[in-house]
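Written out below as structure tokens is the structure these notes cover.
Labels run A, B, C and D following the written order; every chain starts at residue 1.
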Amino acid sequence: MSELLKVAVLGAKGRMGTAAVEALGAAADMELVAALGRTDSLDTLVDAGAEVIVDLTVPASTEANVRFAVEHGIHAVVGTTGWDAGRLAALTALLAKHPATGVLIAPNFALGSVLATHFAAQAAKYFDSVEIIELHHPRKVDSPSGTALRTAQLISAARAGLPAAPDATETALDGARGASVHGVPVHSVRLAGLVAHQEVLLGSPGEQLTIRHDSFNHASFMPGVLLGVRTVGTRPGLTVGLDGYLDLEG
Amino acid sequence: MSELLKVAVLGAKGRMGTAAVEALGAAADMELVAALGRTDSLDTLVDAGAEVIVDLTVPASTEANVRFAVEHGIHAVVGTTGWDAGRLAALTALLAKHPATGVLIAPNFALGSVLATHFAAQAAKYFDSVEIIELHHPRKVDSPSGTALRTAQLISAARAGLPAAPDATETALDGARGASVHGVPVHSVRLAGLVAHQEVLLGSPGEQLTIRHDSFNHASFMPGVLLGVRTVGTRPGLTVGLDGYLDLEG
Amino acid sequence: MSELLKVAVLGAKGRMGTAAVEALGAAADMELVAALGRTDSLDTLVDAGAEVIVDLTVPASTEANVRFAVEHGIHAVVGTTGWDAGRLAALTALLAKHPATGVLIAPNFALGSVLATHFAAQAAKYFDSVEIIELHHPRKVDSPSGTALRTAQLISAARAGLPAAPDATETALDGARGASVHGVPVHSVRLAGLVAHQEVLLGSPGEQLTIRHDSFNHASFMPGVLLGVRTVGTRPGLTVGLDGYLDLEG
Amino acid sequence: MSELLKVAVLGAKGRMGTAAVEALGAAADMELVAALGRTDSLDTLVDAGAEVIVDLTVPASTEANVRFAVEHGIHAVVGTTGWDAGRLAALTALLAKHPATGVLIAPNFALGSVLATHFAAQAAKYFDSVEIIELHHPRKVDSPSGTALRTAQLISAARAGLPAAPDATETALDGARGASVHGVPVHSVRLAGLVAHQEVLLGSPGEQLTIRHDSFNHASFMPGVLLGVRTVGTRPGLTVGLDGYLDLEG
């Protein structure tokens, strides 16, 4: 009978945190030993014997949380945004002093979304044209979505050195051809009824490859969180992006 | 045994004309009595006893062709562009003097495309949000496509008096939200491998309706041409748009 | 200042009923005057002065509920299933004696779904081939869905007298070509993550028309319920199907 | 100035062969040194100094063609079907005696299709449910398509040991749930207007990943043929499947 993995959630009262508490509590191979809100002391993590924390807090507190965890030999799975280059460099330096500890910083826990982006980047160099359509609920304030920006960046990098996509456009209404993100056209649809969706269209003479991801609700993030928690202890150092934990070889 | 309908094609050497000559020649209920190129005399139509002409020429000659036909009691099915308000008014006046003759001016003969536009316009007032994505081959010089512009116009008219679609966008890259055509966002994709495609997305809380048309090649125009030729003799006066010939009642 | 429409919900404790109570209560032009559970007396409807009832109960009680309403001059909007030919005939006879009263029996209140089915039936006769793909959550016990069966029936009726769709299949694995419903192939997908979705594919040489409806949650039913409540008082007699209340002329 | 790669086409009069002759002739880094029909002698290959052959013949002659090439130190890119286990074993044995020579046997040269199948197999183990929809022109005689069978097989292998997809179906019309291929439901649509298309749908609670490939015409095969010709000389021994030549690492 194997030991249960002792896990703690930080930001346990938020929308994502609430879902994580539920998902971790239901996992047969884990024990939820702490669920911290904004005002709870990080010392609770040590007292509870947490082996892994899941940080779903806010940009202002995530760095201190992760630093505390690493200094106490606790692995960390981080879904909070705000990790810029400076923070990542400081964390890398800290992890060098704690070589047995692992940290995963994942901007996106939906396995399907991570896979879709990964596949799109891999396929991009084999096609003449690539465009992105992202579709979201109309309450979203930014266009394009962060996932679309990151996807465009990866596609652009994969196509470095290749000719630009053919495009004979001479006259166009403003905006018709989308936003150019690192040279990749991105189109943002905002439609009542939708949640979060993205299509990458890749075309060459005679064929099209379409990679689409639909996120219908937050349940989609939990398998990725569980995968992160189960894997982080075996991956010392810093990993950015859940795709680093996926088995995507040949 | 019924009489065959005597049909002539004008612009018979062009891409559309060639396809029309083939399709009309293969139709069991029709007889192709003339196939005119640029330099052939219109008198041939009378000599050949044409009952219907199919005009697939160029904007510079279509008006004279149709005028000749109407003055000789020959019905006309017209796929040529360039019929502005002035020309349509003059044609209406001419038809008033020839009350038994019918003319169909159809910017689009693909039945599926005509139906898709019609349905989108009908559905538009029942949803909170409507956006259009049109996708074409990368040799297309104008964005958005003419079909998308017309679809947006019809959708906008159908939604007159309704609240605008919800959209909380605060920050957007230039072009991300598409072109606004009569208030309807239109996104134009140009992708190698594609031909001509259009999606109208309609959304309300909890649901989405998508009406998509794919045109893979010019074969798609011929059923519409045949329907026009068979119907025009029973519809005196001017009809604009093939949907006027479709049976779309309840 | 117009009078508010007095509405009552029957089956108010069920999932649909709860949503209807909320939606009707929020509508600016309506007053919710009663919300009845299983054990409440129908006399409450009269006491409360209800002008319209919304019946979202169960097959065993819906007939008595509607009969009571009609006999008291109350219009009825009915989402409950179980209305077979015998019940419909009896209701028609009853309505003949109450010529000012209207009843709407709607198997589906999602406007998008009703429109999708309507459009598919209208378009069916203009294409060589039609197939249906319906996709649902994996907890669904019946295949194909009721909506797919009804759509296939309407498509088949619209194509009466036309040649069968071309199909050169000589060897096929069992089930590969789907279920034949009135001659229309229907394919049922059951996939974790999905809710309720349907695609009607219509094809002819060179083109395809696709009409897709996605139902993401029960919010999609409420606009249809509200439309029914607002309209039923002006449509005496029996109407089956919400499409009878939609404005779908030319 | 680099040397041109000397290439010969076998089966040069067929539909695929004609397209290959054109594509290879247009490639700036290749020289087409022979284009053989059914009755031409294989000795021509040696006389012409061919370094690579592209075999697009028929099952009855492909084995002898490839054997001849290998015995003369000519690399071979093979699109012909009919390579069963026995033939592959014999070829492997032959290649062992010619360790510098490479052979690629590719059942599918459309890069998009190869990528789509590869991605679907990689993603399959991360989702609860997987189903395949393949859509083809109505002249196709077999259902499901060979590509769908192979995709299902790879998906099934990737999911070995995982629980079956959830499916509560109790009552179903014959065929509604598709054909079960190695436990993966496959649905075959046959629709006028289509060419060759495949969708793999992967679902888990809250999300869906869709990988779709559309093949519009045979132009889609040529980039894969060119990639094969350029690569085969650097890959001694036998490679089955074009994906073996694609760069699909992390």
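We adopt the following convention: a residue touches a chain if its C-beta (ideal position, glycine included) is under 8 Å from a C-beta of that chain, and two chains touch if they have at least 3 such contacts.
Nothing here was measured: the structure is a model prediction, and the numbers come from that model.
Chain pair with the larger contact count among B-C and C-D is C-D, by C-beta pairs in contact.
Here the repeat of A-B among C-D, B-D or A-C is C-D, since over half of its contact pairs match by residue number.
Centroids of subunit B and subunit D (each the mean of its C-alpha atoms) stand 40 Å apart.
Work out the mean CA point of subunit B and of subunit C, and you get 34 Å between them.
For the pair subunit C and subunit D, the distance between mean C-alpha positions equals 46 Å.
Counting partners per residue, subunit A has 127, 193, 202, 204-208, 214, 216, 220 as the residues that reach two or more other chains. Residue ranges on subunit D touching subunit B, taken from their complex, read 193, 195, 214, 216, 220. Contact residues of subunit A toward subunit B in the complex are 127-129, 131, 133, 135, 138-144, 165-181, 185-194, 201-208.
Interface residues of subunit D facing subunit A in the complex, by the touch rule stated above, are 110-113, 115-116, 119, 122-123, 125-127, 202, 204-223, 246-250.
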